[in-house]
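Below are the structure tokens for one structure; questions will follow.
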Amino acid sequence: MRDRIWIVAGLAVFVALITAPFWRARRDVGDLAKLPVLTLPANQTQCVAPVAYMRASHMKLLMAWRYQVVREDERKYVAFNGKVYQKNLTETCLGCHNKEQFCDRCHAYAGVPSPYCWSCHNQPQAGASAVSAAALQPQAQPAPGARRSPDRLLSRMSGWPVSPVPRRAQ
Amino acid sequence: MSALYSLLAVLALVAAGLEGGRTGAGRDALTLIVPYAAFTIFLAGFCVRVLRWAWAPVPFHIPTTCGQQKSLPWIRQAKVDNPSSKWGVLARMAAEILLFRSLFRNNRARMAEKRLILGESKFLWLGALAFHWALLLILLRHLRLFIQPVPAWVNGLERLDGFLQIGAPQLYISDVILLAALAYLLYRRFRDPAVRYISLFTDYFALFLLLAIAVSGVLMRYFVRVDVLSVKQFALSLAAFRPVDLRALSPLFLAHLLLVCTLAAYLPFSKLMHMGGIFLSPTRNLANDSRRKRHINPWNYPVKKHTYAEWEEEFHDKLVAAGIPLEDEDAGKAHTD
Amino acid sequence: MFMFEKALEGSRRYWIWLFCVLAVIAVGFVFYMYQFNVGLGVTGMSRDVSWGLYIAQFTFFVGVAASAVMVVLPYYLHDYKAFGRITILGEFLAITAVIMCMLFIFVDLGQPARIFNMILHPTPWSLMFWDMISLGGYLLLNAVITLVTLTAEREEVAPPAWIKPIIILSIPWAVSIHTVTAFLYAGLPGRAFWLTAIMAPRFLAGAFCSGPALLILFCLILRKTTGFDAGQKAINALAVIVTYAMAINVFFILVEIFTTLYSRIPGDMAPLEYLYVGLDGNYHLVPWMWLSGLLAVFSLSLLLVPSWRGNRVLLPIACLAVFFSLWLDKGLGLIVGGFTPSPLDTITTYTPTLPEWSIVIGVWAIGALMITVFYKIALGVHEEIGEEEVHESVLVAGAAGR
Amino acid sequence: MKITRKDFLRLTGLSFLAAGTIEATHAIAGRSAAQESAPRKETPSQTVRWGMVVDLRKCRKDSGCDACIQACDSAHNIPQFSNPKHQVKWIWTQPYETVFPFIQNGYAEQTDAGIQVPLMCNHCADPPCVRVCPTQATWKRADGIVMMDWHRCIGCRYCMAACPYGSRSFNWLDPRPHIPHINPDFPTRTKGVVEKCNFCEERLAQGQRPACVDACPEKALVFGNLADPNSEPRQLLRERFAVQREPELGTGPSVYYLV
């Protein structure tokens, strides 16, 4: 009986904690649906893989490149559209993308702590040649060719091509 | 049988999540109606259950105790296991909630060499502790999707959890622990005939549901990647009550979402309410001071009494007339006889 | 974890001791975080002396771990009953020492976050891989053995039959952990000081005197603090083991010294000169190595005389001398000597720094914590069994005393 | 998805024990397992084996010269620590008598005494560092280069103990603040990993010679394919007396010195 006050208070605290994201969201309702403003490359329209794949799985590609370059001495990457790239974080990736305005902003938004890549890998001296700022809008449709992916179940689950990364990659 | 039915139920949920997003109406249902409905049911149901417990009468202190009660000064009291003060109760509840103290005492009886042996059985405690702590860590980590900007402590938790540099995205230790603990808890239900006998549909359903949630989450993180940006945008838009329809949300994510919503909506009606109930266990959250302090039932109404003496006085004359001995007058006589 | 509640009740003295140990661990942890953030540059190690106190301590405690075999073997293979009460103490000492070894390896890693690469990329041609297997296996064996035997003792039933082969397996396994650890060093070209076939035997001899010496000291401490009596017969037998092992250990060292000095190969002589007489004006370790040698001679002279060996005052002194002598020899000289002079004939002095010592002492404190808790559990189970058998009045008196 | 499944299997460790045992028996049988990175001797079929010949007579002419070291340091972001204990060296010099102690005889004219000999990783045919590395973070490539994977190194420093030439350095501290000018095209290292000369494999991949070879004003460093009898280093080795460092250890260094 005398404890009811404490129980109700505890319940109130619990409800407040659980609904905290809602209260926070009400406070800055204007900004929320906005995705981070990312500086996209000005001189390129196509990344080394479809955007949808890169957005979800760029880390897999980077790990595969890392393994192939360092351990297998394979440095050429033939992209899905036949273009050939150097497997090189600093020159190829950062040649187009700016770390602070691209990588870091997205990572901060998604709450992914900065990976340990940067404790060794450098940014190119000139910096990215990008100028156009654009909010990244989610793609309405998976990239073309998604349904042609060999692994149908996984493709269905993810909604886009599962792996343009060569199979031998680690 | 109940295990099979609950597995089928969970698989049906998974299938609904995977396939439900094909049509516009299905998407709306999965991304809009289900989350809000589930959250409402969870919140309202949780509050109702806790409040009903709060209004249940607990007139007396009835703690179960496991140690020496407070007694004579030279006898050492088990201050936590048998608390006599508010602080002792607090410590006891903390040990219960954070360390599962009661489960730590779990025993297993068996016959060996023609006698009953109460042996230790700590694996349930270990599995339960590992599961609950890993789940808490995972829930807190998910805050990165609901709060913008992401609080530093959430990032800190992620760093700690992903301390081991295994793969990219980095392996979370809590994911491994959660899956291992759930697998063990399920295995335990199947292995022990006694436990299997008392296991019901709901016991398996909760386990399979949690397992399905964990597996779908692990799949999304490590194997079938989803676009975290859209997921976060979707979560924030839900929180702001301005839901956006995102075609980029993958079927696997919808399945994960549906499973989580099911868990939330199911929780108030299930044994999973021990989440709130543990705080209200009267055998744990009261001090054992019944022998030192008089606990009066607070809602005792004044009972109308009619004592024998009053009755005798009322019928005094009739009793005398009938020759029945009176107590107050004859009492002395009887003694002297 | 198991029967852990025995460790949760104890006298005020017990809790004060635990608190002190925890405080030391906390200090060590703070220094480890410092090292983790800044790098191993906070230690005294260098490009030339690239292993130091951590690896040396690891090597020494592998020996302590392996020594459990010296009580397990007589008890299980030769049915030497006097060791019945202390086998569990030996096995707990092994568990503690192996965990300390793993911690010393962990704090020595430049990239501790990648430790699982050892398992993700198993490399059977690396001795480090086999060291991981042998240490991990030994830990597992001893954990299972102690758990099963102690549980059986507590439940007053005979241990299950399947534990016997596991106990027997743990005997060669104990030999393997120190052999593989010796092979870590002995298989390297260009490190003349380590390139010797007698390394593994010497390690084992050192292990079989330092470990039992520590066990004797623990038994004596337990007798003082808890009244637990290992039995004079057991302690005497352990002392004999220490004596023989120490004699063999000293013999092996002398054999090494002879081979090197008589052959007079400059590259082989240089590390010995550095350790025992100083090289090119570097006398850094000379006093410590001579102290180790003197302690060895001193302890041997005490141990070799039967009446002194049985003496309650002289025995612990001899054991301390054995332990400290080997600690200096293996826990300091062996590693630094292997690296000095460097392949390019330079001498870099190695002096452990304050953070390094603090981390090492922190790991010791973790060891002290573990051994306290383990022994508390073991003795708690003994006591519980004993209590049920004694007269009730004694029981009441015992409870009141506690 | 084969990749991730493989990773997953490795994580669970189910395949690990079985594979480990098989490989172990191979290793013990002396066949040293897996072709990819096991320590092994030069095979006859090898078509490329990179090697270096150092002409000490040419190098000696300009004993104050450190062009090769400078070139390497700036190409590979080598930190410059003032404390000698923390130094990182890929190519460095050491007095002749400490490098080749066996050549001293006490009576011959000490023509070479006191000169500085450039030293680097020998890229041995049978490298002890590769043999001891517990994670295959260092391994031998088909073209003879002893490579390092700084992503995988756990910093146990076993390779440093195993190398009989002192060719390996450890990052005792974060190197970045100690690099005078960062070359963005080559990664720096993180604290806690071992590193050493890589024969400029990143330049070889682009068809260039190692930085030190290009930088030497006297052309005292000659780089080429030791497996090709007509290569420049092979011609030099035919014509002149050459020594390796500590050949008696059986490591088979790929760096030769013309004395």
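Going in written order, the chains are labelled A, B, C and D, and every chain counts its residues from 1.
We take it that a residue touches a chain if its C-beta (ideal position, glycine included) is under 8 Å from a C-beta of that chain, and two chains touch if they have at least 3 such contacts.
If you're wondering where the values come from, they're calculated on a predicted model, not measured in any experiment.
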Most distant chain from chain A by Cα centroid: C
Pair exhibiting more inter-chain C-beta contacts, A-D or B-C: A-D
Whole-Å gap separating chain A and chain B, where each centre is the average of the chain's CA atoms: 37
Whole-Å separation of chain centres (CA-atom averages), chain B against chain C: 45
Euclidean distance of C-alpha centroids - chain B vs chain D, Å: 61
Sites on chain C at which at least two other chains make contact: 111, 114-115, 120
Shared interface positions of chain B, touching two or more other chains: 165-167, 223
For chain A, residues that touch 2 or more chains besides their own: 60, 116, 154, 162
Touch list for chain A against partner chain D, complex: 60, 64, 66, 70-71, 73, 75, 90-91, 116, 119-125, 151, 154, 162-163, 165, 167-170
Residue ranges of chain C touching chain B (in the complex, touch as defined): 1-3, 5, 111, 113-116, 120, 151, 155, 157-158
Interface residues, chain B side, partner chain A - complex: 18, 43, 46-47, 50-51, 53-55, 57-58, 143-150, 154-155, 158-159, 162, 165, 167-170, 219, 223-230, 232-233, 236-237, 239-242, 244, 246-248, 250-252, 276, 279-280, 298-299
Chain B residues within the chain C interface of the complex: 104, 112-113, 117, 119-120, 122, 126, 163-166
Footprint of chain A on chain D - complex, ascending: 1-4, 6-7, 139, 141, 147, 149-151, 174, 182-190, 201, 205
